[in-house]
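Please find the structures below.
Here come two complexes built around subunit A, the first alongside subunit B, the second alongside subunit C.
Presenting the complex of A and B:
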């Protein structure tokens, strides 16, 4: 499924549509987002390198990690990027506030520099934005959002993705970015499974540093939302995705309005229903119930019919004495009981 | 005409609106509604039926979006196309830099192949002898759907075909980009002038349409000034109420605070919300019939009622949105299996796909 995302980003958007945009979300409890970012970056580089994708370059906007880091990352994967034409890094890391060059303008927003560089691009490219959280630190939500949406609708951008730490911002900022994106990938904590022997030796923090659950929401063109879940493992600074072994997640039916009446019985209700003693001779469970009919003496029938007699007695307030009439009738009687009506 | 879906019949007497409307020359695109109101069509025949005939002139319609689905665009497209087909003045505002581009995606009215088959049906029915007391039901159904002429009150739109050029030739089509304006004051001025222009149309009522898409979109600079947006909508509502126009505003509750969202929903005369549905969800497939064709859910929370104190109580509030043959939008009541009982929900706050902070919603 991470492969699916990469392929979607590689393929880009259709004519006339906005470019697909991916938001990678993580929190402090499971901060593996940067690994995911690197993974996607390397995948896309491999696609471009092997000429499989329609875009011809990657532009990386680096905010929180230096460009050298990315060069080394891609070099370790086998792509020599320092001499390449298809990989460009816009360095907003070393001097985000532009102190060096633009001392005259106070409070420069990184957007200005980015905006001008976008229009100068001549080839179709994929844009990656590392750490939008940093960008939000310097600029307001609306300007970041407008920049991203402009990038999406720009003819030369085939896809873009960015990483954000959702607990660093107000929910509104995160919601705004998710509103703009077409895919949302969230890294959340994988609850530790006590049954697995291997993970028992890992402490909780180690667990969160190495494993996580990768949720992806995709907004499809027909308006439906596709969700996929995978597990992710980090080993030796590389990341692996594995299909999720779910223990039966219960998805509540909250979209559809709840109807007032309930035709299904819960477990407890089913058990209670089975226990109700019906006022009939046969309870349907194969045993015949003896109803106290007042003919036998109490001592004889005490053992048998104690339980059944309870239903006929109020507790300590009186006795119901029941004489069965059915014994009076002959079993093969041809009499019509209506015969004695005098009409 | 009495809408059978909305009001329970108390007797066999029914108010004969036909006689009243014949005295006033019928204006294409408008029809008489209950309690002396005039209605215009929303562009979706099923939605018109649900809302009791259409949207009342002077009302404010608010559509709450689901950030994960573009269904509000479907509603807006049909609404705008219907206005253009009836040559009603239209102003459209969106956060895009070039809103005119959206006009290219407006659907075209469906070709009348279906109409011919329906005409056949009524002719056959004339061979049947229908008892007098049931004739009023039959007449009600057929008289709405086809008038024989070109000017239907509500067209069925084919979403695959773009609207023909000649519909755009009217002078009264205006597009505004909300991103450009630093505040909403300028936009409000434009709306007011648009409405006064629409009112002065040679003394004839044509019915104007205002369509505002994604009012709280984060690209706009005013989007974090909630009181400003709220006062804009309030003044828009008051201006629209005095005019012969309908305003449709869409916004996404996830982008604004809960209090703002609730206030805006209270301001609406008619409140509709759209929700996305998850794809390939086996639970929902079991629960709902026709899940494969559904694209989303539409809920009607409030229906505008003017000149009366009697509220409109709908039989069901949630409908499924389906695209018939990928072309036209139909709304159907949901057929579902009953689930664990719970009380009804408030406006738009229960169970959205994306609400991670809300309890009881999907576990994403």
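Presenting the complex of A and C:
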């Protein structure tokens, strides 16, 4: 499914249509969005490099990571981008507010430049924005949204994708950006309920650093929204996607807390428990529970019971016949049981 | 000064020696102060390699305070300062950065960043210093200095983070989690957690006060790209006890 997204971005939009746009969304509890971003970037680079793509280049707008990082990332995948013409980075990381150039102008610091930082002028290119959360800090939602819309409708942009951390913004800001995009990929925590205890929390947190659920919503042309789910996990700095499964390594959803003694019953214990005969009225022998209502005298009832006793004596089994004198009181009853005392 | 420090649980969880190019966020609260972690990291930065340097940005205490504390731990800050291994920027002094001359907060922070970058550049050119650590104590007091603008503080910290990419230095910042946790959108806290490679949270014990255990530490290594090759745990949780001259770290239940 992640491959499907990459192919959609690779193929671009049809003539007369806006370019497909993908929003990658994550939160601090499962912040694997940057891995997804890197993965899509690598895949698109491989398509462009092998000339299997409609677009002829990538322009990356870097806000949160340095251009050098991306150079090294693509180099590790085998693409030497420093000498290439198809990969350009717009460096908004090193000096986004112009502090360094201000200081350099007043001679306080040396003006070093980092890696590749060239603006682009290519036909038909893919644009990536990492990350829009940083853009939203400096500009209003409407200006960012209008920029993204303009990019989508630009004739030379074949597709567009960006990363946003949804817990850093108001819901309306994230929603506005999701409306603009044609695809939305959200990285969320894999649900695992029923865990208690500090060690369980830690292992859950550790798990969330490496694994997550990958939800994708795709808006089709006819208006239908298609939803797909996958599992993602990060291993050795690479991300892997797998079909979503509810079993597998999901920790058992038992509500029993993790303690050092055994709170569960084994099968033999369960069988033995079922065989225990309960005393008095809970024997479940089909008889109705009789409540002594005070109208019969005790002697009479005794007589009855004696008779029943005699009858049953032959069976050689003793029997206790118990007449309750009242219904069970509800636990929170206001009645004070000592009310009838006459002291 | 010994070059090799005896390793404790905190050092092990941070992994490696100085580990250049990292941002470490130390998050504490009123019940459990994280100052001891800052002292430990400061001592570590000054001890690990004879050519390492520290730029210390202090908004909360003067140099004499840290000198007193670190002396008990076996580290002489005045000597380090004289050897040009420690640059102490005392933000408590009013005339520092011409604050009393009515400059805007932004200008003050820009100037402060300029000082830091200049110090890093000079330090690197001087005797090929291997590693520079920038320590900020602490972020919430920086916000006071910036007249409450958390955006400015975040801009400043992002610029400092760019130094980690440009010069390979480390950044250590102390922040108070409870100062920001009660606002509607704990933005600055979250932004810093996103920026950080390692988050060290210092919290009281879930069970309350104890005589022998003063709190717990949770060290989260968020940077999955730095893989040591073997699958190490990314999250470490252990407890601590602050003694007169040092701090003891131990796993829950293993304190004798």
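Quick notes on this one:
Operating definition for what follows: the second predicted complex is superposed on the first by the 211 of 343 C-alpha atoms of A that agree within 3 Å, B and C clash if a C-alpha of one lies under 4 Å from a C-alpha of the other, contacts with A are read in each partner's own complex, and residues count from 1 in each chain.
By our rule, a residue touches a chain if its C-beta (ideal position, glycine included) is under 8 Å from a C-beta of that chain, and two chains touch if they have at least 3 such contacts.
What you see is a predicted model; the values in this text were computed from it and never measured.
When the shared chain is aligned, subunit B comes close enough to touch A:150, but subunit C does not. Judged by the touch definition given at the top, the superposed model places A:273 against neither subunit B nor subunit C. Of the two partner chains placed by the overlay, only subunit C lies in contact with A:35; subunit B stays clear of it.
Residues of subunit A touching subunit B in their complex: 140-143, 145-146, 149-150, 153, 171-172, 175-180, 186, 215, 217, 219-220, 222-227, 249-264.
Within the complex formed with subunit A, the residues of subunit C that make contact are 110, 113-114, 117-118, 121, 151, 154-155, 158-159, 162, 165-166, 185, 187, 190-191, 193-194, 206, 218, 220, 222, 224-225, 227, 233-235, 237, 252.
Contacts from subunit A toward subunit C in the complex involve residues 28, 31, 35, 65-66, 68-69, 93-97, 99-100, 102-103, 108-110, 112, 114, 133, 137, 165, 167-168, 170, 198, 202, 205-206, 209-210, 234, 236-237.
The part of subunit B that touches subunit A in the complex is made up of residues 67-71, 74, 95-97, 179, 217-221, 223-224, 252, 254-257, 275-281, 283-284, 287-288, 295-297, 299, 316-318, 321, 323, 334, 336-342, 344-345, 350-351, 353-354, 357, 360-364.
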